[in-house]
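Per-chain residue numbering starts at 1, and chain names A, B and C are given in the order in which the chains are listed.
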Amino acid sequence: MNMANVKYTLKRLSINIRNIKENSYILAGLCLLISIVLFAFIGILITPYDPVKIGSVPSDLPPSFNHLLGTDSLGRDLFTQLCFGTLTSLQIGFLAGIIGFFIALIVAFVGGYYGGTLDSILTILTEVFLTTPTLVILIIIASVVERVEIPIMATIIAAFAWAWPSKTIRAQVLSLKERGFIYLSKLSGLSGLEIIFKHMIPNILPFLGSYFAVVVSAAMLSEVGLEVLGLGPRHTITLGMMLHWAMMHAAVTRNLIWWWLPPCIMLFLIFLSLFLIQRGLDIIANPRLKGE
Amino acid sequence: MIEVENVTKIFHVGGLLKRRRVIAVDNVSFSIPDKPTTIALVGESGSGKTTLGRLILGFIKPTYGEILWNGKNIFRMKRNEWKLYRKNVQAIFQDPYESLDPRYKVVETLMEPVKKFKIASSREEALKMIRNAIESVGLRQEILDKYPHQLSGGERQRVLLARVLLINAKLIVADEPVSMIDASLRASILNLMRDINKKFETSFLYITHDISTAYILADSILVMYLGSIVESGRFEKVVYDPKHPYVKLLIESIPVPDPKRKWKGTVKIRESEEGLLSKDIVKFRSRCKFCERCIEAKEICWKKPPPVIEIERDHKVSCFLYA
Amino acid sequence: MSLEENNLLKVEDLRVYYRTRSNPVKAVDGVSFIVKRGEIFGVVGESGCGKSTLAGAILRLIEPPAYINGGRVLLKDLNLLEADEETLNKVRWKEIALVPQSAMNALNPVMKIFDQIKDVIIDHKCNFSEKEIREKSKEIMDKLMLPSYVLNAYPCQLSGGMRQRALLLLSFILNPSLVIADEPTSAVDVITQRKILEFLDIQKREYGTSIMLITHDIAVAAEIADRIMVMYAGKTLEIGDTSKVFENPLHPYTKALMEAVPILGIKKEVKGLSGLPPDLRAPPTGCRFSPRCKCLSEKCKLEEPELLEVEDGHFVSCHIYK
């Protein structure tokens, strides 16, 4: 396998990007996501406060001009937390999504294309990961690990996010394998890897993009789940951790709506944008995949 | 050139609980000579002809038996020998709409084997050869920059023929290349194949269920039924004077596009009461495959698989009626 | 076209179009013909000529985006295109039966074949006892080479070819006057095909059933059709007795079809047509075959030729014959 094949894949990707411009779902989703990121980024630039340092500002203040979303019970500015938290949550979610997705790709293509005993082993492995109660295991692991930081968090989540997409992608690979031009490529002397990169991946790129969005959503959901229980990074702030702290300090009962509602809304918007992107890619994948 | 020696292919179908063995190709032997020729491999669906084609192309391995190329077993070759085999044995498939990668232009698809088999020494030479090949198959040069979906079925099949010309293969396995194309458009593809056979001295293994189209091209014929070759030989000998009861029925049942030559009488054949899928593989192999439906079946036909008998030169049949 | 009583079905200027985002596809565009009593009428054409759309339209079994844009379909005195659903339901199965091309999926998957036969019979208020139904079914099944277990089987237990034949059984059980068979032998092997075609011929001879046999294979038409109609791009090009059309094909397209097929043992040389059928959203002006025709006059590209009787019972739509 050489660079030429990777170039081919990227070239097909650029053709797809042209398609993206025509698709309103993807546009809407991307715009929303980019807006969220920009908002958080700008927020970080303009805020003078530290999001994690306890007691950096007076605690339990309602929203005001100085503190747009007020402050929490530990003396930290909530608007700053929201901005930093959004970016960190997205970081973890995307990192976990990328790691998980690549594991899924490798397992799906190696097993699906080469078949045989290797495929049987990989399938069993996938099934095992699919049927274990992921949240329970995640909780156990997260509570055992001492310093939970971003990369570790991402890896833990990725470990359980790859199984389902792997299964679906493998199904695609199996059906793709039977198409005439794949056999023709074999007859042209291409190796397995060349066929995978030159002929299989370009033909299911929209599907792959769609699954990637799904994996990232799933990863973020797991992330929030863990963090709300307190099993998140302690030395940075994420949206899930914000909710955790809010719960720990009974923000709901105390009607501190400016503490728990903004992270919820932000999470909702993130999931919405990912859903729109995924839906848009689905639309490209289905009618157009069989040729215009 | 190619020897198929006692090749059997058994597939396992069904899930975990109900695994069944289907015998697609049963103890088949024949050879494809060095001299350029066209051999028709004829049979209905389920006869095993497509599986035999895939075995020769090396896509699947035989369960028993060997496929030899110039004496060497193709599944035990070293890498460079195998690459040479691949270069010399190419294919055209039935579905023109699936045979070309929709993401690549025609010229890119044709460039692929040229690069891999190192057919040309430079990109310019490669393009020149591609242009020649396109012209040889009667296509305009503009087609090179088009995507498959912009081409008709017939044009796509021609592109595939151009491809095999480029590679300069010795044998082309053509699996029902015109069955998905309208009758009035088939002629040009079939004529092209005949021209390639003569001009470029390329052999064809023409796999089909339609003996009439095989008539246009083939020098010899192999008729398969449920995995076995029942009759083989020179095309005219087998088709004008069929010996095997199944082949006789087959030839008689072909509709003739001439109202002055309508069918006379009727054909007599028994229907299979069991249904093919429930065949016990051991019982199935130990008798003539056609005995259940044959009205001329004798007792021995149910007890042993029939031997291959040479009726005359270039005409063999596998049937107890001639033993 | 002779005595009125001898005619079973008369189709006049039938037009069936498909709605699209741009122009409608003129799949059947002014087709007229007659099917006589007790004859096999072959409709021959290649993909996209409109023959399957024609088959569905006669019994008004077409679905949107297809719609009928004009014409009449007369069964005796009844215009099927204007009849109400109740009348139409009485006609379907009993007077005219349709064996659609994708017969595989036309059977009810959750009913045994025998029960589906009973259903059809009961629906049309025919009083046959179960024994009579079984006997009649067995008679037809023998001719179609269907084994006896088929009656008690579900469609999913049968092979594709068997399902096609089971549907033929359903169509003939009520002894309709006309059966429209759309590619009835496309999924079966050559020997079964002969059996099915012989069966259709026997039905015609013994019961006087008329059959409209739609096929892309002119050899099939040559074997059993009494008269044939050649369709192209939604139009009728030629109609006549099978023997006359084969002996003396008038339309250039018909001639090309004859030249394109080999005859086993007799003719190895075949010649094909160049080009492709036209896009029916924007068919060419004048004769639809003109882009691919070798003998052209100026008129061919401007004016659509009419269907004219050139010799007794032999009609052609071509400017050469005026």
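As a working rule, contacts are C-beta pairs under 8 Å (C-beta built on N, C-alpha and C of every residue); 3 or more make two chains touch, one makes a residue touch a chain.
Quick caveat: nothing in here was measured; it's all calculated off a predicted structure.
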Is the chain-to-chain touch network here best called a line, a ring, a star, complete, or other?
line
If you count the C-beta pairs in contact for each pair of chains, which pair comes out on top?
B-C
For subunit A and subunit B, let me know how many angstrom lie between their CA-based centres, rounded off.
49
Could you state the distance in Å from the CA-based centre of subunit A to that of subunit C?
56
Distance between the CA centroids of subunit B and subunit C (whole Å) is 32
Set of subunit C residues in contact with two or more other chains
none
Within their complex, subunit A touches subunit B through residues 12, 15, 179-181, 183-190, 199, 202-203, 291-292
Using the touch definition up top, name the residues of subunit C that touch subunit B in the complex.
46-47, 145-149, 159, 189-191, 193-195, 197-198, 216-220, 222-224, 242-243, 246-247, 256-265, 268-274, 276
What does subunit B use to touch subunit A in their complex?
57, 59, 83, 86-87, 90-91, 93, 95, 97-103, 109, 112-113, 116-117, 148-149, 160, 163, 167
The subunit B residues in contact with subunit C across the complex are 44-45, 152, 182-191, 209, 211-213, 215-216, 239-240, 249-260, 262-263, 266-267, 269, 271-273, 275-276
